[in-house]
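Just so it is clear, A, B, C, D and E label the chains in written order, and each chain counts residues from 1 on its own.
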Amino acid sequence: MRFLRQTLTIAAKDLRSEIRTKESLNAAISFAIVILVLFSFAVDPSSEQIKEMSGGLLWLVFAFAGALILNRSFARELSNDCLDALVSSPIPGSALFLGKAVANFVLLMVVEFVSMPIFGILYNMDWMRQPLWLAAVLVMATWGITVIGTMFSALTVNLRMRELMLPTLIYPMMIPALMAAMRLTTLLINGEGIPADDWIWVRLIVGFDIIFTSLAVTLVEVVLVG
Amino acid sequence: MRFLRQTLTIAAKDLRSEIRTKESLNAAISFAIVILVLFSFAVDPSSEQIKEMSGGLLWLVFAFAGALILNRSFARELSNDCLDALVSSPIPGSALFLGKAVANFVLLMVVEFVSMPIFGILYNMDWMRQPLWLAAVLVMATWGITVIGTMFSALTVNLRMRELMLPTLIYPMMIPALMAAMRLTTLLINGEGIPADDWIWVRLIVGFDIIFTSLAVTLVEVVLVG
Amino acid sequence: MSAVSVEGIWKFYGDYPALREIDFVVEQGQCLALLGRNGAGKTTMLRMLAGLLRPQRGVIRLFGRDSRHADTRGSFGVLGHGIGVYDELSAMENLRLFAEVYSVADPERAAQDWLKRTQLDHVADALVREFSRGMRQRLAVARAFLHSPQLLLLDEPFTALDDRAIALLQSLLKDAVARGATVIMSTHQLREAMELATHVALLARGRLKFHGPRPVEMLEDPTWLYRTYGEG
Amino acid sequence: MSAVSVEGIWKFYGDYPALREIDFVVEQGQCLALLGRNGAGKTTMLRMLAGLLRPQRGVIRLFGRDSRHADTRGSFGVLGHGIGVYDELSAMENLRLFAEVYSVADPERAAQDWLKRTQLDHVADALVREFSRGMRQRLAVARAFLHSPQLLLLDEPFTALDDRAIALLQSLLKDAVARGATVIMSTHQLREAMELATHVALLARGRLKFHGPRPVEMLEDPTWLYRTYGEG
Amino acid sequence: MREKILYGVGLIAGLYLVRNLYQILLVLPDEVDQGAIYRILLFHVPAWITCFTAYFLAGAASVMYLIKKNLNYDTFCVAAVEVGLAFTLIGLATGSIWARIIWGIWWTWDARLTWALITCIIYSGYLMLRHAVDDPTARAKNSAVLCIFSYASVIITYKSIDWWRTQHPGAVLSIRTGGGRMDPAMESILFQNAVALLMLAAVMVAVRMRQEETQREVESLRRYAHAAA
């Protein structure tokens, strides 16, 4: 109970500061649109092949734009040494981590819900064929990305070259979740169900979420206390 | 003469710190490889179509990985208030800008020369069919990207949300140079010359370089002095 | 039960010992000034007391408990170099947040109370981002004192403050000591510290060179301690 | 010719006037202590003198020239809150760089000379990243003094320094004044400043409340000025 | 003493390798389908075995570091990752050469190959992270956590042939298939080669640990010097 309240206190704080300024949200959404436009130069959006790439492109966009939000997660605690204030307070590291992860998750979902229709329009794609399944995939993969991103944000928070290190470290780690999400999203956008062969991807995502969430929750206290 | 010496002093300083730590270089190169891997999930690399995207993919990689280096450019002056020390010194803003641009240009070229062969191997592409032309395009487009990136790095250096703002600002600005480079590189990688129709791209790049370099050199002093 | 007991602490950065074999005890109600030259290890010591760093060897006990124990962490307040409040939130929101974090019984009341005591009640709803340095520092003080901590850990609290802000902080510290709280603060501004300190500890290159009640000589000549026990 | 002349300066942050109608003149060889409470505008004033900020109204002249003129910029040295040297370069490389930037005749010699004077010659080739706070600050002083500036602009130079580092800085400043250089420094540590200051200026909420030779009363009681001309 | 043992083991590993090479190049016959090039398998697989072992030990050492906070575990961890990375590169190179000859291309994006590359990137990231932290204690702590996370990629690389249909051949070693996919004589020499490479790796790790320790000492001496300044 207490743990849950602490988690929510942190999540509420992060969301409140973000809503106050809307800085990372605006930046992430406009970055997402910029990338969509850039991609449309690189690949021909009117070709037939684009259908097979749709999931891939979409998740690339989410990954790149999402990194902006994840990057800020612990970094926003730095400017006034707020991290020290929180770590020395009675809140346990795991509640701090989960609170931030929840806030990031919400923000990422907002970015995704805004960019999906834009993607649909720009690339002439109907993504409402399997809404429930698609939502499930979005939630699971986004949580996976969030956990990795939040954990690595904590890991790199005191680094000299945070902005440099973070993208190089997180994307390779996220790949299992991203790969699965790309494959499943392509299937679902094209209106097919998930064939037996591709269930491995669902299992991969679920396993990823469970394993990395538990790892992160166990290790975050060690990371935060020097 | 004096101006040239000052420019080189700054460029040498930036390159020296970079060679000392190799941080942004390492990060940018491995980020480039990470993006190549990510793209391979999104687009089917064994398909025939990949040939038509090659230039596009390559320059997306350069743009994303390059942003890491450009991002650091003025940011590295922040940690100890070095920017104040330089701006209040007798070095004119334009020499400061050009020095940094030259250093960034060198670093970006290194990233490009390392990632081209890797791209070639991974995507099974032969990029040595028109080496001279390709080199010319690389140099011109890279300079364009560098100028935009360095200038915006200066503009955003004092912003609270530097890491957030920079990517959202620079990519849209770079689009002319990127588009031209994508198109020309695709042509050259596929071994064709540049058909008359496509000369417009060359002119676009050259114009881009000239206009933005002069704009940046004129305006940078205003940007640096509050 | 002592407020703070430190036994045989060693702290290494890599192989370099920033603190070596530190032992001391601070009783409740004492005000200890932690002195030492640049790099002596004051910040390291305070961060360790606050549970932000772990010693490689030795034991730290606050009120008889481990310093990372959740109850312990609720019983002290920290004021470091940074102000530890959020720029994007208002003064009120910041204090309410920390009141919740510290499970203060009535967050709203506690926050309002401390805004008043630090003379920030007229800007309670303004964002911290717009505050001047002095206002920010006062809010930071409110944040650290909010949950009536039994122990205050302050790292160079007087730095860059003007006379008025220093006077406010000193009076709050005096109140805290009067109600029985313990204070440990590091500082280079000896004169300001000597007004409060009942005890003094001197670190030199990671070793504790002196610890005891404030020598009377220091009232006249604050650097007396350095000359007598330090490296000259 | 005066070292610094400031005429009718106004500086706004948005609508808020951080400095209003400031006029003063500092003659060569004077040492001016710029005093004022938190947020009074000291940093803003010093940054403006250093050419890092432009005033919205009014004129600043250093040695009769505009403060952004290349020759002017070569004639002063700045020491702000940050140390202004690069962590990834060695002490020697840093000084050589700034010697080149300031077109000092013999960069190598000047750098070595100042490393010696700040007692850093034995770590000349170590990266600044590994320096302790005291060492960094000394290097920053070397950087600011390297080109024998005619005018020194120092923003809270004594902050967070120990007694030894303060003594070094004071002696270097005395040397500089002795060879005819002008010094303007802001500080809250009045006692340290009064050892050097020949003149005093007091800012209060962006207005210049007092400017003149150091009142004798301040030697005894440094806060005399605040009480007499400030807001109590 | 430690030095002598090291050189001794190194020498034995070297001699063992030369002997294996002799066997491979001159004694074993060509393979039916692939001809002479199949011999690269006898280095390809041992290289991967060595690199996986190194990463596993690095992960274990990381866990130990987080429990014991003893910097020697950290020292072992870097050494193991660096050596592991060297063998990853050997594995990638031998694989690529083989692919060039058998498939006609250097690279294809199947699951095994891709994950091998990702593993390589992830562990280079580990070295980069170490580079970016100055305080040796914080460096050890953060990189230990990263090392634990990284091990996931090794597991996926290893299992990828089971999870996905790959162009890369499936399991051939009898410990995974239950036997029958590979000639016992070849398999025996493969394992002998693996032993030789593992010995070599052990020596390299020991040497790297040596250097790392010296560097740590130098670093602390420098700090002493600076503290006196």
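Just so we're on the same page, a contact is a pair of C-beta atoms (placed from the backbone, for glycine too) under 8 Å apart; a residue touches a chain by one contact, two chains touch by 3 or more.
Computed from a predicted model, the values in this text were never measured in an experiment.
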item	value
Partner chains that chain B and chain C have in common	A, D, E
Pair of chains with maximal C-beta contact number	A-B
Most remote chain, CA-based centroid, reference being chain E	D
Maximum centroid distance from chain A, chain identifier (CA atoms)	D
Chain centre separation in whole Å, for chain B relative to chain A (CA means)	27
Computed distance of Cα centres, chain E from chain B, in Å	35
Chain A and chain C: spacing of chain centres that average the CA atoms, whole Å	38
Chain A-chain E separation of Cα centroids, rounded to whole Å	32
Sites on chain C at which at least two other chains make contact	39, 54, 87
Contacts with 2+ other chains: residues of chain A	79, 160-161, 164-165, 168, 172, 175, 226
Overlap residues in chain E, where contacts from two or more other chains coincide	118, 121, 125, 128, 132, 134, 137, 223, 227
All touching chain pairs, where touch follows the definition stated at the start	A-B, A-C, A-E, B-D, B-E, C-D, C-E, D-E
Chain C - residues contacting chain E, complex	12-16, 39, 54, 56, 205-206
Complex contacts: residues of chain D adjacent to chain C	36-39, 132-134, 137, 156, 159-165, 188-189, 191, 223, 226
Contact footprint of chain E on chain D as seen in their complex	119-120, 122-123, 126, 129-132, 134-135
Chain E - residues contacting chain B, complex	96, 105-109, 114, 117-118, 121, 124-125, 128, 131-132
Sites on chain E touched by chain D in the complex	134, 222-223, 225-227, 229
